[in-house]
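In the two assemblies presented below, chain A is common to both, partnered first by chain B and then by chain C.
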Partner chain A sequence: MQAFTDLAFATLRLTTPIILAALAGLLSQQVGLINIALEGMMLAAAFAAVLGAFYAQHALVGVVAAVVTGMLVALVFAVFVLRFRANLIVAGLAANILALGGTGYLLQVLYQTRGAFAPPGLRGLGTVHIPGLSQIPILGPILDGHSPLVYVTWVLVILTSIFLNRTVTGLRVRAVGEQAEAATTVGIPARRLQYGMLLAAGGLCGLAGAQMSLGNLQLFVYNMTNGRGFMALAAVFFGQAQPWATTLGSVVFGFFDALQIRLQTTVGVPPQITQILPFLSIVVVLTWVSWRRYRARPVAA
Partner chain B sequence: MTVTAVVLAVALLGLSPTAAGPNIKKVALIIAQGGLGDRSYNDSGYAGLTKAAQDFGVQIKAIESRDPVGQGEQLLRQAAKAGFDLVITLEFTHFEPLARVAPDFPNTKFSILNIAVEKPNVVSVIFKEHEGSFLAGALAAMVTKDTKIPGINPRKIIGVIGGTKSVGIDKFIVGYEEGAKFIDKETKVLVSYSNSFGDPAKGKELTLAQFQQGADIVYQVAGGTGEGVIAAAKETGRYAIGVDSDQDYIAPGHVLTSMLKRVDLAVYDLVKRLVQGSLKGGAVITLGLKEGGVGLSEMKFTRHIIPKAYVDRVEQLRKDIIAGKFKVTDITQK
Partner chain C sequence: MAEAVPLVRMEEISKAFPGVLANDRITFEVADGEIHALVGENGAGKTTLMRILYGLERADAGRIYWSGRPVAIQSTEDAIHLGIGMVHQRFQLVPSLTAAESVTLGQEPRRGVFFDRARARAVVQELGARFGLAVNPGARIAELSVGEQQRVEILKLLYRQARLLVLDEPTTVLTPQEVAQLYEVLRRLVAEGRTVIFITHKLAEVLAASDRVTVLRRGCVVGTLPTREATGEGLARMIVGETMPAILARGGEPPGPPMLRLERVSAADDRGLPALVEITLEVRRGEILGIAGVEGNGQKELVEVATGVRRPTSGRFLLNGQDLTRADVAARRRAGLAVIPEDRYTEGLSLPMTIEDNLIATRYRALATRGVLRMVAVRAESAALMRRFDVRAPHPRVSARTLSGGNLQRVVVARELGGEPAALIAAHPTRGLDIAAARFVHQQLLEMRTRGGAVLLISADLDEIMALADRIGVLFAGRIVGELSAAAATREQLGLLMAGRSATA
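Moving on to the complex of A and B:
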């Protein structure tokens, strides 16, 4: 039982930055933009989070700095994509390279280091203990004692779902994603919604970055996001940009990652095999999704 | 490509050691990935070089590149053309371009670390990381049984996190396991790999999982991923073991010790041999416990919690290995 609750607890922790970035990815997808800049937004935000928390001596300032930074990167990306009509993939790659090189450069210039940056006295977000929750068997030890952003993330999943399915703006957003020109002809401000969703994506990636560098750990390491933005993108494809299905995709990945970490030291399987589990799970699931879509296609008359 | 070459050539023009007298030796040090300021490998090598410059009056130059891996051949060739007597590269991926460049400059001595290149004018330096790791494992195996030490559980389980499943990393891990089993055959060593050297979140997760399985000391052989290993130890009140440089200060009291690799010593020793005229090309210098090239940190923050008997035992083991009483397995020699 202990092993199960440990596994579930780790899954929640591992999944959080991926869910946040995946929500960012799905909002972009909903306005018809494939966002591969998630990784860069997260990384820049993770760096800003440490800086903000360190100089202000307050973790909350770090979170705000992360959100603002994520949105700034998103704004630059949006201007290039929407105003200058840059190729989505090229602009996304550029944003990622800029974030990687930029944070590396600043580390060197400001702190004369190239590896890890963990200023003494840096305060993290800490953990939340909900009174009474830990007393509940099984659920208690799984749900209690996470970083505050873990709980915020699940609230955001619910809010995103309500936004897209139950609000006028949300329905308009989906219309833009379906057919931007048609949406424009009926008076929907497509361009403005695209800017809005990309900025929201930047903010969500900001939270993801803050969770990595202030929530789970209290330090910044060069390239510490390590491909999580792309994992999130895979989850978006898995969930066809629907909030709950995308979240499920993120959890599947997080679960298999938490599982492979434990399999490495419990069963005698070579680490090369266990390490592919999370990635294999994504490949299998994506294949299954596209097979279902293929089966469900309208048959030609 | 041409532009890079021109820029590189211009950059290197400035470092021709023209002002030196005929007897003053000139030494170049090519900085590896990560660059100066990494507070670890490169800085250690450069510190050895500057100390050698003070002690032996040689002229030195550190050569930094934005892309030391891709520009390997140009860096080596330009440095040799610039007239240095000894060109040391800290970048181990230079083994291939070095084998091409070295024969073109028979009057220049080259040196490379962590890998052997068999050319008549190349001196290779190899560290016996397995010996240092053996001591780390031995210490961990003694500490993990002692519940009087804070954060230690009664189970004889310790762990290690490797960056990748590769011979270079397993060399550390096998030495560590051997040291632990030498102290107590029943010590269980949990081994996990992060598959990345720059993912502290993964490092933390792997370490927490090992702690949950009963480990209380985890050795990190995973670069930046290891920051997460140390963070996990600090958070849960248990212990990590650092690697390469003295990482004890990162979480004082929670890094039991660090397995040091004395790159500074290696570079200093190369310059010393050059000045004394004993630098023989085609040789492989191995730096182990005997040469002081590897070893454990001074345990500044943990010495007061580790019983003296354990530290003494480790010291005795170090002496025994140096005396050749037994050998630690080196998996790269198979």
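Moving on to the complex of A and C:
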């Protein structure tokens, strides 16, 4: 029982950055842009979160720094893609490589370290205890005592769903992503919405980065996102850029991430092998999903 | 109606595209509250003229008056602001949105930041009831039939207060029942104070649904007349032209044995409706068989069935006695069939590729050794073809895109006829070409005939058919309704057949 609770608790924790990045990915997808720069935005933000929290001695400053950094990376990406018509994939790869190399470089130059950076006195986000919640059997210990960003994330899922399905701007966003030409012919400023959604994606990736470096552990590690941006992207494909379905995908992949860490610590399987697990789950799940969609396709007349 | 100020007057409108004069000093008037049909063959300039009116193209010269007032329409927004709306041939709809969302998109009813779904639905229901355009406002576009999607497009215009609605070939995608419903809608629109221009090339539609009709041909206005004074034959003649072109020298050799044969071929169109009904055709060696007819009567399907792109539902296709009904395009080409397709830009050529690549596209296997092209041979072959067919290009290895329409067609003709095929299917081979380029193509077809090739010429241009063909078949509603020898055929006879009346000959 304890093992199950621990696993569920870890799943919720590890799922959070994936959901945030997946929301970022789905907003990009909804304006017709496949955003593979999620990984880079998250990584740069995770680094900025540690710096902000360390120098200001306040976790909230770290979160703000992370969001701003994520949006800055997103802005550069957006300008290259939307203004200079750079290829989406190439620009995304560039952002990822730049974030990875840039944070590694700064670690080396500023702090003379190659791996982990955990300055003494770095304050994390801490945990939230909701009165009474921990008393509920089974669910209580799973849901209570997470970093505040975990709860914020689920609120953001709800807000994203409302935004896309109920607001005028959300309607326009969907129209732009699906048939940009149809949207422009009725006078919708497609370009502006694309900028807006990419910036929002940057902000969400900022939160994801902050959760990674200030939420679970209080440190930055070189390449600490380690493919979570791509897990998020896989979740977007799984959920066809719909908020709840995408979140479900994120939870599935987050679960396998939690499971693999657990296998490392309890069973003692070498991490090189267990780390394959979440990605293997992506391959299996996405294959199953596309097979289902293939089967359900309308039969040609 | 004549004394009243027209709702729209387009005056002396000219518009040139590279190699083509799409609109040549066109003056076109639409009265307030009428249904005006704009007819002509593809490439006659109808769509260009309407795109200018809707702000999608800028005219090189000419003026536009709206209710007598000169206006400058620089963009679609200007046109919409005046009260002009256009339904394009390809609908501009988002499949996953509901009908209510689609109609109001861009000018959505709001409650704060939220989309006011209830009001959007009410608007669609109310407009639908008023104009006879019933659509379920909650249904998604992807679930709607094409006819319903068209209604959504019309509702979009009405929601934006359009006074003048331009429908670009609205019936081509519709079933006959939907066409009848559309006529009903057009009448309701006019009854509610709207004005309609619809573009078509089908005479029956003009006669059934319009108040007045304007005919365009090769970028010029042939005439405007009240529909009740128009007849199918008269319109057909106006569309395809009255003037005889210069007589081309035809060889005197009598045609030889049969080469190309279609036997009781039936086929369905993209919607699954019958497009060809039991067609039997035979083209002999040294003969050009012309297929005349107003477009949309099965020409497209006939070409596709003959070239092997579309499977017939029944019947046989034979080339030189060999049954190729089930053969694909490549096998037919190997058997000696060549094709000049209808659309040289999308079917005839690959525009991003070089002229050289385009020229060898049907013969690269012969120019390769173990899968590797022999470039020296490729260069020599393409250079020879360019010389022989007088393709004028700065260099053989520039992208085909850089050529004019006439030179592009020379590339197609060079590739197709360079190998001296036994049979040729030529679909509208001179559409959109200037006179010199058209004459070149005509000469090539006649040369092919002289050296004993069989040519099936499908064309909407009656002049072309009469000048080139030895025999003329008329296609109407998917059937060959008559076959005449070119020497005996008269324009009147052909016009009657094209309009679906049986010839009295």
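In the analysis below, the second predicted complex is superposed on the first by the 283 of 301 C-alpha atoms of A that agree within 3 Å, B and C clash if a C-alpha of one lies under 4 Å from a C-alpha of the other, contacts with A are read in each partner's own complex, and residues count from 1 in each chain.
The working rule: a contact is a pair of C-beta atoms (placed from the backbone, for glycine too) under 8 Å apart; a residue touches a chain by one contact, two chains touch by 3 or more.
Please read these numbers as outputs of a predicted model, since none were measured by experiment.
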Tell me which partner A:Ala183 touches in the superposition: chain B (first), chain C (second), both or neither.
second
Return first, second, both or neither, reflecting whether A:Thr167 touches chain B, chain C, both chains, or no partner chain.
second
Considering only the touch criterion stated at the top, classify A:Ala175 as touching first (chain B), second (chain C), both, or neither.
second
Looking at chain A, which partner touches more of its residues: chain C or chain B?
B
Chain B versus chain C as contact partner of A:Ala10, first or second or both or neither:
first
According to the stated criteria, A:Gln218 is in contact with first (chain B), second (chain C), both, or neither; which is it?
first
Which parts of chain A are in contact with chain B and also with chain C?
none
Of all residues in chain A, those that touch chain B in their complex
2-3, 6, 10, 13-14, 17, 108, 112-116, 118, 212, 216-219, 221-224, 226, 257-258, 261-262, 264-266, 270-272, 275
Given the complex, residues on chain C that touch chain A span 76-77, 80, 92-97, 101, 105-108, 110, 113-115, 156, 270-272
For chain B, which residues are in contact with chain A within the complex?
34-35, 37-40, 159, 165, 190-193, 195-196, 198-202, 204-206, 208-210, 212-213, 223-224, 227-228, 231, 250
If we count contacts the way the header does, which residues on chain A are in touch with chain C in the complex?
166-172, 174-175, 178-179, 181-183, 185-188, 301
